[in-house]
Each structure stands twice: as structure tokens, then as C-alpha cells.
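Pasting the structures in now, so scroll down.
Paired with subunit B in one complex and with subunit C in the other, subunit A is shared by the two complexes that follow.
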Partner chain A sequence: MYRIRFHGRGGQGMKTASRVLGSAFFHEGFEVQDAPRYGAERRGAPMNAYVRADRAPIYERGIILRPDLVIVADDTLVPIPAAGVLQGLDNRSVLLIDSATPEDEWRKRTNIGGPILVLPLPDTVDRSSLAMIGIACAGAAARLIGVISEDALEQAVRDELAPLGEAVVEKNIQAAMAGYAAMSDHAGTVSEGVPAAASGAGSPDWVDVPVEEVRLSGPAIHAGATSVEVRTGLWRTFRPVIHYDRCNHCNWVCSSFCPDNAISVAEDGRPVIDYDHCKGCMICVVQCPPHAIESVLEVEAAAAERRGSA
Partner chain B sequence: MTDVHFQRMKDLPSTHLLGAGTAMCAGCGGLEMIKEVYDVLGENTVFVNAAGCMTLLSVYPFTPFRGSWLYTAMASSPAGAQGVRDALDILKANGRMTEEEDLEVVVLSGDGSASGMGLSATSGAIDRGLDFIYLCYDNEGYGNTGQQTSPESPHGARTATDAVGPGNIGYKKDLFSIWVANKPAYAATVVGAEPLDLARKIEKAHELEGPRLILSLAPCPTGWGYDPAHTVEIGRLAVKTGVWPLKEYVDGKVVHTRHPGKRTPVEAYLETQDRFRHLFEPVRNDKVIAEIQARVDAYWAEVDVDDGTKA
Partner chain C sequence: MTRALITGNAAAAWGGRLARMDYVPAFPITPQTEIIETIAKWTERGDIATRMVMYESEHSMITGAGAAAATGVRVFTATSSQGLLYGMEMLYTVAGWRAPFVLVNVSRGLASPITLEPDHNDIMAARDSGFLQIHCATCQEVVDSVLMAYRLGEDHRVRLPVIVNLDGFYLSFTREAVDLPSADAAAEFLPAFDPQGTEFRAGKPVSQAVAVLGGGTYSYFRYEQHLAAQAALPVYDEVAAEFNDRFGRLHPAIESYRAEDAEMVFVMMGSFATKAKDAVDRLREAGIAAGLLRPRLFRPFPRDAFRSALVGKKGVAVIDQNLSMGMGGVLHSELASALYGAPDAPRALTSFVGGLGGRDIAPAEFYEMAHATLRAAETGETPPPRLMYTHSELREMRKLQAAAHVERHEQDIA
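This part shows the complex of A and B:
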């Protein structure tokens, strides 16, 4: 049985990617399960989607704990524990990351034993269109698995995206095929894991937690606005950057309309963006009267920041 | 009486009370509105939250508020508000809380709760003359669970439960008029995209006592299908096209606070959102677009363009 887990952020098309891969498996005669799994959070927040495929009926249910292939569409998710990207990877699991960081660096950072591949997408894939990254990942996964033909992949994209119109379908097929071609040197790298059986399951690694009084385990919070401890800036795929030479210090526009209270006005009248919390909605970019706020790809902005501090 | 008066945009606060770091979607029109409302109401506010998108505002131990938040089931937030109001009144009567320390009790609910399953509890609270503000973020669907059709979904909109064919065949329920028919202390419609109009109405509501409704359109990038950057533009278009009339009920009559003399055609609003795309592609559906326009026109035909009152 193949067990594949896609990791991305809400809005990056990972649910669609898992559906497309599932349909492609189906066209190759497999039994398939595919399902997205969300936390309580939203667009921009970590999510995953999984696919199981087997020639025989599938009796396994629930989340995939021991994946054969993990695909990461957003490399900023890897260090986030809640995203669970590295969960259950062993020495034969393949990790595919869409990233500008090279493979040996990921090897050092993650300290995992299995194959690590970085997805080299050609420039023809529109990286600013987030859904295109998802579909390219589905194509790459299909090639890595090695049992899915280009025809099955194309048919799967048509099946899943037909309601969106022919132009969208063609653009997605192009991106899926770009992902498929990018992995040609690694076709068939992913191997099938053995089906799990209840008889072989060990006892769970439970940790006994002593019962505490409520006032210790769930103390009352006597502070206001504790939500600032949650760094929603990690959701961002684009970053608003203020060009102060063009800002006319109007005070209220960007700060008033920011839903997340991530723009404050300093005493000198300059608006300041709190990147720890800005989710990258870009309302400020659209609303700024003198167009003083620019939208920059987060990965590029972060890279520029690192160069600046080095 | 508060000493803040919102005459110009510059009078709006440049620092805000609501904490960052909530789990709401990027570009949430509901959160934008709550942030603006909270600045005017101030820290002495207790929120009674009906289950909905805003359930995720306060997840222990994190809260964006400076004060208390009470969570209730979807249909019972006005009952929760009654309990909080009674407790505060008892504390005041016993001398354990001063008038200055008193809190404004605010129900925070989505449209599914406000106009659907929670309407019965609201009705009871109005009957009892409960001193509270009912703040509704209307994102025109059960947004928290994936935008299923709610009583406030507009005609023709596609939702998770009307995903194909003509979209929602029903019509948006008129919650404002339901409240007004019961002569509340105050009722108003607002939208986060018009922060000055909103601030004036919240200030007015805050100074009154009794059942008060603040009904806000809450543009929803996730449920309506548009780029989150356009939340404010879409809110403004809802006003300019007349789809979302800005009005208030005070002293026994309804007055429009904006009465666009020359309204933008509704299609300028509709075509910004994926939920209405089927009215334009692959074949333009003139019949439905004209029907939506006619309903908006019929509404405004009854509004006096000079003083904004409605017949």
C-alpha cells in the first residue's frame, strides 16, 4: 500500500493535489482513499491531506502515521511542530520539499535517514499562483511513485478541475506535467509500505500524567490580549513592505483596515507592520492612498532580510 | 457618555485594543469589524460568543480581548448575556461593583445564529428588555463549517450546500426589520469598510440602554471566493451598489446614514466574488442579475433621498 501525505498551508491547493493524485491512482486501477485534514485554523494555516492507494481493498482508516512519501509545498512548515511534517518518517520514506534551500542543508536540519528531494520547478510554473504549486506537487508525487502514467495524471486533473473551465484545466495540466518531468531522474523512488495489521501493533507509547488540580493544569488567565503569543506571521506567503518615502503618514488607513491589528502607528506618525502577526492578507497594499505598500513574496523578503543581517 | 466624537477619519483611533494572533482567516471582514467596534466600546466590555467562526477568537489560554469572554452554544447567546447582565446588576446592587466598573454586555454571533437557530433566544431577550448589544457579523453563510447556506445567504449565491445549478434559491432574511418591528432601543447596520460610520453608530449604541442590534456585513474571502486583499473594496461596493444599506433605527424611525443618489449597478459587486461567477460565466444570466438589481431598486425606491428616511 502507498501512503502519501501532502503538507501545505490552507489556500495552496494541497487538498486538490491529494484529490488529483488519488484520481490518477484510480485511473491506474488502484483502490484509493484521499482526504484533507485541517486544524481549527484557516487559510494560510498549516494543513495536510493524505492519499492511500492499494491494488487490494483498503481497510486502514484515519491519518497516516507511517508515510512512504511526504510532500511539503511550503518549506516554512518544516520547523513548526504543530504541522507535523516529519512525523513518522523512517529510512525508506521519501521527503520531497518545494524549497530554494538545497538537499544537503535539509539533511542537516532534519537529521532523517531517508531520501530527501528538492523540487526544481521550471520558470514556466507561476509561483505567485499558489494553487499551481500544489498541482505541480501532485505531478511530482505521481512520477516519484512510478506507477502513474502521464495519461492517468492528465485525466485526473481533468476529472477534478473540469468545473473551473478549460483554461484553468490546461494551466493546471501544464503545471502537473512540469512537476512530473522534474522528477524524471527519481521515477519509482517511492516504495510501498506493508499493510498494517492489528496483530502486529505494539502497545502505545503512553506517558502517565499525574492528575493535577484544575488550578495547576488549567490556571485562570488574568492577562489581556494573550493572543499575541500566537505568531500568525507564519501564515504569510506574501509580505507587505512599507516604502516610507512614499507614505504620507495619514495615520488611519492601513492601521484601521488591518483586520489583525498588525499595523500600529508610531509616535512620529509612521505606521509599523508587526511581521510576527501579519497574515499577509494585503488589504493595506490595496487601500494605501499613495500606494506606498508593496507586496513581496515572503521567501524573497526573508532571504533579503537574511542577506541584510549577514 | 463617552467623550470621543467621531467627526472625521482622523478622529478614529490609531492604536487598537484587540490583540493580534487570532485564528481568523487572513483578510477576515468580521474580525476587521470587531477590531473597530472594540476600540469604541473600550475595555469594559464582556463578550458572549455564540458558536461560529468567532469561536476561534478565544482558545484557552489565548484571547485577543482585554476582558472576559463567555462561550455559549449557537442558539443561546442572548440567554448567556442575560445571566451575565443579571450577575453584574446584583454585584452593583450589593455595592461590590461601582457604576464606573460596570461592563457592556455584547453578544457576538454570526448570521447563522443571529437569523437562524438563535433567533428564538434573541426574541426572548427583546421581550425582557435585556440591556445588551447584539453584534452580528453577517458573512452570509455558515462560514465556520465551510459556507453552507444560512438564512442570510443572498439569492443566487453558490454555497457549499448550493454548490451547483442556480445557487441559493432563497432570499436574504431581513434581520434588521425583525428587530425594528419590536422597537428596540437601537438598531444599526455597519460594515468594517466604513469605519467612521461604524464608530458613530457604536458610540451611539453604547450610550443607550436596552436591546440594541449592530448588524455588520462581514465580507468573507474564504466563503465568498475572492482575494483577501479585496475585503474593504468589496465592503464599499456593497454600500455603493445599495446591496448593503447603511442605516439606523433610533427614536422610532429608520434613517439611512448613506443614501447613494446614484447607485453603482449590482453586477459591479457580484462579479468580484466566485459565489456569483456562475451568473457571468460561461453564459451571462441576465435574468437573475436583473432580478437582484430590481430588488435593490425596489428597496431604495422607498427611501427619501433628502433625509434618508424609509417609507
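This part shows the complex of A and C:
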């Protein structure tokens, strides 16, 4: 069985990418199981999607603990422990990252033993469209696995995106094929994992859960306003940036409309965005009467910030 | 017939579509919403001649479902978790009307604490409502079970509403390959709903759901409902056999996987049971004769079928993805009552609770359950019920607890 995990952020098309790969397997005659994993969060929150494919019926379910291939569409997720990008990678599992950072650097940072590949995408792939990167990753994965033909991949893109119209489908097929072509030297690098035997599985390490006082065992956080501790700013894929030269301090429309109360008004009347909690919904961008707020790709904004502070 | 990759939610919607549902009262709730979104899309585009109405709550949605079914139309509806509980009063009420319809429940753990992920406590809460219950393990089963549920509930020997249950996330959002019967084949299997003269009309009014005082009258109606539910057992077998004849897929009341010659048998419900099949295969490779029994039909409970399938076994490990506070796993209790007094009953009947709130059940846990159950059969000493919970999970919990308390400390100072 092939076990594949896609990691990205909500809104980066990971669900669609996993479905394209799933459908491509399906067209090649495989049994398939694919699913996105997300919680209550919205766009920008770390999420993953997985695909299982086998010639026999699939009995495994839920999270993939021992992946054969992990695809990371957003390299800022690698250092976030909760994203679980590196979970279960062993010496034979392949890690494919869409990143400007080279492979040897990723090997140093992640300290994993298996093959690491950075996805080189030609300029024809529209990098400002996050969904395109997802589709290119699906194409790259198809080639790495080695048992999926271009025809099956193309048909899969059509299956998943047909309702969006022919122009969108064509653009996505191009992106998928670009990813597919980029991995031609590594075709078939990913191999099927074999099931682990029952005999070597070890003990499940169960514990007897003790009876505890309600102050400990009741589901309460003993403080108010704890949601401030949740850095929802990490969920952003786009960042709203205020151009103060254009801001006319209207009635702070941006601040009133922000659903997360992330825009406060400073003493001098300037609106200030709290990037720890701005989720990047872009409502302020749409609402600002003089169009003083710009939407910038988060990766680019973060890079510019690093350059500024260096 | 077409074969397609679809989610459990889409499979549920397809079940209703192939059953030619006339009326769909609806209310959204995660992880069920995709079902009503799918049906809404079809009605909007005119793909199906179904009337869909959004209600203001599950309580009125289930009332509406029962009332519409009592007029003699075919009704489909869906909910999950808190929504099922919010409609609970009407669940009991409409079941007593004896008006059949299908309610799909997408299982999700109950508050508190709140979660979106699945376990079976929501559906267990509806256990005694009078609705029959079919539990699915795959997306294929979801579409098939909805069709079968109409045949079962509408049968003149039964006439009860049916819940088809599927797990949130593990089925609801998971795509698997599904054979969709053609509309014609589905219609041949499931003819139009025949209300047998019990439907009410404006011109032919009925006083539905009368009040009765005096326990004798009440007892009669309640017991009739119970007898109808029990009568559903042989009817289910007929329906399953005919479904198999037509579509080549057998969905028995209890699915049996390598259980016939097994020494130890897992018993569990829902989608995680496919994980148990994997564990059974691995255990067999390691020389342990394991098997699996999975009740698809939970109400009525296939008591006799369990007895005959389990007599002579060394041990049975019951895995409950639910928890009856102060008692333990519900399926374990029911199985114990079914097996009590059976000649040559299994020597050990162990109880494991796991998969609460979507928690995974690891292969090593299945193996340990098998070993513990066989040990119990050997020694005659059955271990106490066990929550599947690891040291590392408890360590994580300790970190969260520390954080929950540290913050208070800071505030106290401030």
C-alpha cells in the first residue's frame, strides 16, 4: 500500500491536491482512500490531507503514521511541531518540499535519513496562486510514485476541477504536468510500505488513568481571555498591510469590520494591525474606503520582514 | 451502475437520491453539513424532484420529518451529535407515530468538552428511541444501507423510522470507491413508499400521537413498537439477501471476518472495524486465530446471531467507542446480556474503550487486546475494563493541565 501525506495550510488546495492524486490512482485501477484532516480552524491553519492506495481493499483508516511520501506545500510548516510534518518519516520515506531553501539545508534542519527533494517549478507555474502549487505537488507526487501515467493524472485534474470551467482546468493540468516533469529523474523513488508484523509491534504502553480532583479533571482553563494565547496569526496565507500615506483615518472602518478585533487604533489615530491574531481574512482590505490596505503574500511579507531586520 | 470516488457524506446523499426521497427537512451541523449541501445543489439544479426545507432547529426538523412521513411521502434527513440530542424529544415521539423515514447520523463526540471528531455516544443516546439503527464501516455501505433502511422501515411488519450511522471524518470526509446502483436498479429494489392507508391528508385528517392515561393502554402501544423492532430482525435478513441478489453485495446483520474458526474474536461497530480486520490478518500471520464480528444492525440487536457465532470461542474482546458513565462500554454490556446463560459461552469477555473523540486505535493496541483476552480465557481471570490511553497521552494531558493552572496563577498575581 502507498501512504501519502500532504501538508499545507487551509486555502492552499491540499484537499484538492490529495483528491487529484487519489483520483489518478483510481484511474490506474487502485483502491483508494483520501481525506483531509482539519479541525475547527479556517483558512491558513496548518492542515494535512492523506491518500492511501492499494491493489487490495484498504482496511487502514485515519491518520497515516508511517508515510511513504510526505509533501510539504508550505515550508513554514516544517518547524511548527503541531503541524506534524516530519511525523513517522523513516529512512525509506520521501520528503518533497516546495521551497527556496536547498535540499542539503533541509537535511541539516530536519535531521531525517530518507530522500529529500525540493520541487523545482518552472516559471510557467503561477506562484502567486497557492492552489497551483498544490496541483503541481500532486503532479510531482504522481511521478515520484511512478505508477501513474500522464493520462490518468490529466483525467484526475478534470474530475476534480471540471465545475470550475475549462480555462481553470487547463491551467491546472499545466501545473500538474510541470510538477510531473520536474520529478522525471526521480520517477518511482517512492515505494510501497509493507505492513508491520504483529509480533514485533511491542506494547501499547497503556496507563491506568487515575481518579483526580475536579479542579484538575474538569475541562476548564483557570483564567479568562485565554484565546489571546492562540496565535491565530500563524494561519495567515495573505497579510493585510496598511499604507499609512493613503489611510485617511476614516471612521476606522477596517477596525470595525475586523471579525477578530485585530485592528486597534493608536493614540495618534492610526489603525494598527496585530499580526499575532490577524487571520488574514482580507475583510479589511475589501472594506477600506480609500483602498489603503494591500494584500501581500504572507511568505513574501515575512521574507521582506527578515530582510528588514537583518 | 457507476463506480466513483465519493465521501461518506456524498454516499448518504446518493442513498437518499436513489431512494427518490420526496421531502428533506434539514439543519446544518458539522460533520454532516456536506450531506444537505449536496442535496441542496441537486434540488437547485433540478437534478432531483425533491422538496428541501431548512428548519430552525433539529427539534422541529425531526418533527417535520415524522409529520411528512405520516402523510405518506418518502422522507430523508440527517444530523449529528449535539443536533441529534437537540432533536431527542422528537426522536422518541415520531418513532411512536410508526411513520417510517431515514435519518442519517454522522457520529461525533458529545460535549463536554466539545469536539468535532467522532465517537458513538451520540448514536448510543438514541438507542432506546424506537428508531432502528444500522451502522456503516465503509462509504459503500452508506449508500447501500440507506436503500436497505427504507425497505426495512417501510415493511408492513416493521413500520419504524431507521437511523443509518456513519462516523464523522473517518467516513464523512473520506473518499472511497463506491459502486452507485443505477436509478432503475434502485427503483426495482425499492418500490414507491406504500403507506398502506395510514397516511393523513387535509381531507382525511388523523389525530396523530394521542394522549393515553392508564398504563395499560400506554404499555400496549409501547410494547407493539418493541415487537415491531424485533420483527425487523428477520425482515432485515430478507432485505439483505435480496440486496445481495440484485447488487452482489451482502451486508448481513453481523459482518463476520475470519471469525468462524477464530479462537478470539473482536466485536466492534463502525468504520474503525476495518482497522480490526487488518489486525486480524496480522495476528493470523503471527499464528493467533483472531476474527472480527461487527454488528451492522444494532437495533434490533441480533442477539441470537451473536450467541450462535460466539459459542465455543475462547475469548471475546469488545471495543466500545462510547462510554456509559458509571458503567462502561454499551456494546460490552449488551453482549454480556446476550451471552449470559448460553451453553459453551466464551470463557472471557473483555471490555476495551477507545476511539473516543476520534482518538486513533493503533495496531499494537489491537494485538494487546487479543493477547489480554486469550490470557483471560486461559487463567479464568478477566481484567477490568480498560480505557485505551497511553503514558505519552497522559504526559501531554499533564502539560495542558499545567498550562491551564499556570495562567490562573499569573492572573491571581495581577
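Note that in this section the second predicted complex is superposed on the first by the 287 of 310 C-alpha atoms of A that agree within 3 Å, B and C clash if a C-alpha of one lies under 4 Å from a C-alpha of the other, contacts with A are read in each partner's own complex, and residues count from 1 in each chain.
Following the convention adopted for this analysis, a residue touches a chain if its C-beta (ideal position, glycine included) is under 8 Å from a C-beta of that chain, and two chains touch if they have at least 3 such contacts.
Please read all numbers here as calculations on a predicted model, not as lab measurements.
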item: First, second, both or neither for A:G224, with subunit B first and subunit C second; value: both
item: Touched partner set for A:S264, first subunit B, second subunit C, both or neither; value: first
item: Which of subunit B and subunit C A:V241 touches, first, second, both or neither; value: neither
item: First, second, both or neither for A:V32, with subunit B first and subunit C second; value: second
item: First, second, both or neither for A:I112, with subunit B first and subunit C second; value: neither
item: Touched partner set for A:L216, first subunit B, second subunit C, both or neither; value: second
item: Partner chain(s) touched by A:S203 [first = subunit B, second = subunit C, both, neither]; value: second
item: Residues of subunit A contacting subunit B in one complex and subunit C in the other; value: 40, 221, 224, 226, 229
item: In the complex with subunit A, residue positions of subunit B that touch it; value: 9-10, 12, 14-29, 31-32, 35-36, 43, 56-67, 192-193, 195, 221-222, 227-233, 281-282
item: Footprint of subunit C on subunit A - complex, ascending; value: 19, 22-23, 26, 31-37, 39-40, 58-63, 65, 195-199, 201-207, 209, 216, 219-224, 226, 229
item: Residues of subunit C defined as touching subunit A within the complex; value: 5, 7, 112-113, 116, 169-170, 173-177, 271-272, 274-275, 277-279, 281-283, 285-286, 288, 358, 360, 362-365, 367-368, 386-394, 401, 403-405, 407-408, 410-411
item: Footprint of subunit B on subunit A - complex, ascending; value: 40-45, 165, 218, 221, 224-232, 235-236, 251-252, 255-262, 264-265, 274, 276-277, 279-283, 285-287
